[in-house]
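Mind looking over this structure? Questions follow.
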Amino acid sequence: MDDSDDDYVEFSPGGGDDDDLDFNDNDGISKRTRNRDPSGSTNKKGSPRKGKAVADSKLKGTSGGYAWEDEYHRSWDVVQEDEGGSLAGAVAGLVEESKKKRIVRDTKPLQRGIIRNLILILDFSSAMLEKDLRPNRYKLMINYAIEFVGEFFDQNPISQLGIVAMKDGLAMLVSELDGNPTEHIHKLELCRKQEPTGVPSLQNALEMARGLLYHVPAHCTKEVLLIFGALLSSDPGDIHKTITSLVDDKIRAKVIGLAAQVAVCKELSTRTNYGHSENNYGVVLNEPHFKDLLMETTTPLAVSKMGASVRANMLVEMGFPSRISESEPTLCACHSMLTQGGYLCPRCKSKICSLPTICPCCSLTLILSTHLARSYHHLFPLQSFIEVDATKRAIASHCFSCQLELPHITSLTSPTHRFACVKCNNQFCIDCDVFCHETLHNCPGCESMAHKPKQRPVPLLPRPVQKLKLNFNSASSSASSTPAPEDGISV
Amino acid sequence: MAADDLKSSVKEYLEGLPEVILTRLYESPATCLAVFRLLPALAKMLVMSMLYRDESVHISEIEKFVKTKSRKLQVEALQKLKALHLITEVRRDRSIRLSSTFRNSFRSALTTGPANQSFGVPCETDDKHKVDIAFLDKHASDKWEGILHFMVGTESTGDFGNTAPPPGEGVLSLLHHSGLMENAMGSDMMVGRNESVEGMRISSGGFQFLLQSVNAQIWTLLLQYLNMASNLQMDPVDVLNFIFMLGSLELGKDYSLSALSDTQIKMLEDLRDFGLVYQRKSSSRRFYPTRLATTLTSSDASALRSASSSMDAAINEAGTPPVTTTSSSKSLITNNPGDSGFIILETNFRLYAYTDSPLQIAVLNLFVHLKTRFANMITGQITRDSVRRALINGITADQILTYLSVYAHPQMKKNDPVIPPTVMDQIKLWQLEMDRIRASDGFLYTDFSSFQEYDLVATYAAELGVLEWQDPKRWRFFVSREGNAQVVDFVNRRKAK
Amino acid sequence: MNAVDDTHASLGGSERTGSDEHPTLLGIVLDTNPTAWAELENKLSLKEAVESLLIFINAHLSLNNANRVAVIAAHTTGAKFLYPKPPSSSFENGSQSGHTSLKAMSGTTGTANIFDRQTMYRQFREVDEAVVGELDRLVSSATEKSVRSTQSAVSGALSLALTYINRVNSNEDEVKTHARILLVSVSGDLSSQYIPTMNCIFAAQKKRIPIDVCKLAGDTVFLQQASDSTNGTYMKLDHPRGLVQYLLSAFLVDPAILPHVNLSTQRDVDFRAACFVTKTVVDIGCVCSVCLCIMSKVPADGSCPMCGTVYDPQALQKINRKPMVIVKKKPKKKKAKLDSTPVGTPSPIP
């Protein structure tokens, strides 16, 4: 048994965002482990060590010491009462702060792998019985996984998902790679009754995922999302070899740790993402953070340089079936059940219950044109709104889109609570900002302006993608640069 | 729930009226609108789809429209429409049509066709002594809470410390008539005024009344008023039309008396005593509706929780100067925080109420054991004794629970269910305790000669399921009235053998 | 103890029946495309349509006291709130200016009666005056700016309606408000707004807001899809003159009785896609894996006409391949492939 449980615990409270540390592949782990020598006192203020110093600066709190050396911040000290002794203002500020956090996101039009194939690997090992997440890790994971499945297919209607569980040192197939969310959710519901037992085996699970993704054509993405609660993996062979074969298969892995960072997971996420582990390995801080990390994965990944070969660009043949209504129930091709009405495959005329799917007879991808349209917002994301600076421009009295009366501005320096679209300069309240970016994906201001004919002849991919592709091709293999080329993108 | 009860009571009253009176009622568009709102959802839809159709509608069309499994709803809706004489049925071909009076009035309510005055006639000239909304709210709450204070028997100290005078004679007789208050001495109502004020005591119905929402309270009194009105030779059509008209008026505007009938002018005096309208002098030719009146037909509870809170809200609004003019769009959407509830109830039966209104405190005192009182809140505990006291006063557990959930603090409203289940069940259990003794008619069997004989008959009775109680030690048992004959028969047969 | 449970259940039951009457927020999007209305003039003028719409709005408000409405015009110059009044014109809220514009409108039309709302129910009056006044201003201001655009900002108006509904719903977490959108559409071609309109549809679908479409002229496939995917009603009026009757009977459905009635709507929706290049409707097409554009045939130069991606020539060949009759070989091959896909290669056993 090759134990790969170097359960190195990263100090960063953010979990997995300190990639400034210089470490490449394998020897990085040992180096870090060595860093953890007992002479803790030398690490205190101003440690002379290179590398560590960078991390230290992140870890240090406001007082210059480590976070755990800081005085305990009581939540009631942070909140300030206003003149009237009311907390309403302070509470509203906190609420807005959290909303702001949600709207800061990457809105660059990147080429993304729209047709995705994702294997969700769930940890069913005994470590999942821990109650540090309420009600316990296992139940929370199942609940969130069910939500995730719904959201995943909502965002990626033409993608496929499979679920694998790690239990008793084995990999168990929970549900096959399939495009039907109800099927997956049903299987996950059945898992609720199970008890998590034994140790997990990363290698077995990854090999099974690799097997499931083996037949996926090149124009689709192959992804693995691992939710890992344990701090060890009990494997039959060399896990590093498995990781290498994942890299060869162009399978990208993302890991969400529930306990602490594990070195082998870090390696997995780094190597399968062309040397970048940020955004691909996160350790949860609390329940909402877990959910955030999980839901981030519903956005399709940007196609990275290595993946963007000519082979990946393909024309896919798809069928757009017509809906039929019948007076008498007939057998459907997908479940062999009697159903009334359904969709007819345009090629072989077999009846299918729900879309999107792959025709069970002629294996043609069957979708509705609305499903394609649903993915467009990934390709043409809405630009972030910027907070209005009261000193520079006029302040609107009402939110442009919902007509909410915006709070009065007393001084020019205080936050304005107004957010403006960079294109149309209309000002919005924070709720509309969040709604526009998370649900609507339109700017009501831009859309409310006069539509000039031929402003944008039906879905045209903005030029950036083309440019971007050039970037991909011309990009050298300097691994230390930022993961997605941020330069040269303009709209 | 309270609103539903109220709706049904208004509806029942209307359904009891003869067709002639109803048709006269429907001549007023305001009344049509109010009646329309009382209808069940499906009936509303049917009325709407018939409104602009000149030919009659065949039943089969409606049957096509309503799903087969919901046939019950359709029957119910049509029944309601018929009871209110809104539709007439053409027997020959099973088709229905809308009552033409109603149709014309309702159409004109939606479009304002020929000039009608059912929505009130605003004064053309400016009032020299114009009053603002804050004043009206204060007037309303002073009057209305004065009545409630009188009922509870607390010293009503208004927010500014002045004691409100006891309510007028009309109000007193109404309270007495409606059975909300009763004469403690049991003496006649025709005694002198001062004596009656001293002698009146709240009845169990009055306690229940106190727990209702303000809107429901007003309606209860108004319905009572209607009943009295027919005795006083007042035309119920005029009274009803006036009530429904009040509900459609605009707060803060003055209206002219010119369009009112004599009955209605007479009514105005009484309504002034309730605080529904404001008139500077009784001879004044104009009147202002208060918030109590304008929210009459809006059964939505959030519109009006209590007069005092809405007054607070009005004062707050007046305190922030520039907002008031532009607040029309704002108030449509944001719920005024002053209107929301104030009670927080914990699972350990402890209750916190953010109120300084002596009235609310008095009402809470009906079923809560109050402990401490602070400047803006009181704390208390719901105990077995406090609830028993309320139950003995005739208040039911459901009423307590409704009150608690209606006035729950917004923070507590987020819970589901609003009231902690432990408290809810316990209050209901306490009510069940009250009904511990169950009386049933029947026959007692005694004086058996031997235990065997007793046992035989008792077992037989038990097998029949008619045995209510038995005492084997003293050889006695009790049989319900229905089963007695069989048991007697059995004993006789035994004897015969 | 049983008795307590019973009372509990009955309490829950009565609450459920009480919740029948949820207030509804109705967002109305009125397409005011001047060209389209001019074409429709003989059948139904804009003024008549607005009159019908006002009756409909009043009817909606009279269903429930807490019902609310928002009216948005989708004009060729842009989308604009008619009610609640946009803040820019709120300072003119006084009766004076409101009345003059009303009179201006009623003066030109000659029939003054319907706009004389002095004695109207205040709730109705407020809305009606705002709608008529704002619409008046919109139409009169638009004539100056010579109508360059021929398309109404339907997607913008829908976006506004959705954000407005979103805020109303997020504000009142205690009272659950149902919301629906009615789109009164007259213009046919909306193709340049395809993506934003689709985004609106998905947002509505996610928030469970039905979009009803009342089509007076023209026909738009994706508005059919809009009402279909959001469980709304799509109706193309054959007799626009009867607009009031259509509105009152088909679009005035209380959400509480929705499960009990059969609504008339167009059931067969065209879900086929149009080729982006040739604009022909296809049922089997090729989709670019990068930008998802749909093509009826493989492009000659082997690159995407929209995003310029160069395709893998091997893959193109595969699609272009003509069907061939292979004796017995093909089914076997396919079967083998099918078998291997789902089970996959099992994980290595230690």
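Here the chain labels run A, B and C in written order, and each chain numbers its own residues starting at 1.
Everything that follows uses one rule, which is that a residue touches a chain if its C-beta (ideal position, glycine included) is under 8 Å from a C-beta of that chain, and two chains touch if they have at least 3 such contacts.
Which protein is which chain? UniProt says A = General transcription and DNA repair factor IIH; B = RNA polymerase II transcription factor B subunit 2; C = General transcription and DNA repair factor IIH subunit TFB4.
Bear in mind that the values here come from a model prediction, so they are computed numbers and not experimental data.
K.L.:
Which one of the chains is closest to the middle, using the mean of its C-alpha atoms?
P.N.:
Of all chains shown, the one whose C-alpha centroid lies nearest the global centroid is C.
K.L.:
Using only Cα atoms to place each chain's centre, name the chain farthest from chain C.
P.N.:
B
K.L.:
What chain pair shows the greatest number of contacts?
P.N.:
Most contacting pair of chains: A-C.
K.L.:
So the centre of each chain is just the mean of its C-alpha atoms; given that, what is the distance between chain A and chain B in Å?
P.N.:
So the centroids are 53 Å from each other.
K.L.:
Which whole number of Å gives the spacing of the CA centres of chain B and chain C?
P.N.:
So the centre of chain B lies 41 Å away from the centre of chain C.
K.L.:
Centroid of chain A to centroid of chain C, CA atoms only: how many Å?
P.N.:
So the centroids are 30 Å from each other.
K.L.:
Could you check chain A for residues that touch two or more other chains and list them?
P.N.:
Those would be 403-405.
K.L.:
Please list all residues of chain C that touch 2 or more other chains.
P.N.:
Chain C, residues with two or more chain partners: 84, 87, 167.
K.L.:
Could you say which residues in chain B touch two or more other chains, in rising order?
P.N.:
Answer for chain B, listing residues that touch two or more other chains: 326, 329, 333.
K.L.:
Would you pull the chain C residues touching chain A in the complex into a rising list?
P.N.:
The contact residues of chain C facing chain A are 76-81, 84, 86-87, 148-153, 155-157, 159-160, 162-164, 166-167, 170, 191-196, 198-203, 206-207, 222, 225, 229, 267-274, 276, 282-295, 298, 304, 306-312, 314-316, 319, 334, 337-338, 340-342, 344-350.
K.L.:
In the complex, go through chain B and note every residue touching chain C.
P.N.:
1, 3-4, 29-30, 33, 36-37, 41-42, 44-45, 48-49, 51-53, 64-67, 69-70, 73, 109-113, 115-117, 119, 121-122, 248-250, 297-300, 302-303, 325-326, 328-329, 332-335, 398, 401, 410, 413-414, 424-425, 428-429, 432
K.L.:
Enumerate the contact residues on chain C facing chain B in the complex.
P.N.:
Contact set of chain C toward chain B: 3-4, 7-8, 11, 14-15, 17-18, 20-21, 23, 51, 54-55, 58-59, 62-66, 68, 84-85, 87, 90, 93, 113-114, 116-122, 124, 126, 167-168, 171-175, 244-245, 248-249, 252-254, 256-257, 259-262.
K.L.:
Please give the residue numbers of chain A that touch chain C in the complex, ascending.
P.N.:
111, 114-115, 154, 169-171, 173, 176-177, 203-205, 207-208, 210-212, 214-215, 218-220, 235-237, 310-323, 325, 346-347, 363-364, 368-370, 372-377, 379-380, 397-399, 401-405, 429, 431-432, 435-436, 439-444, 446-461, 465-466, 469
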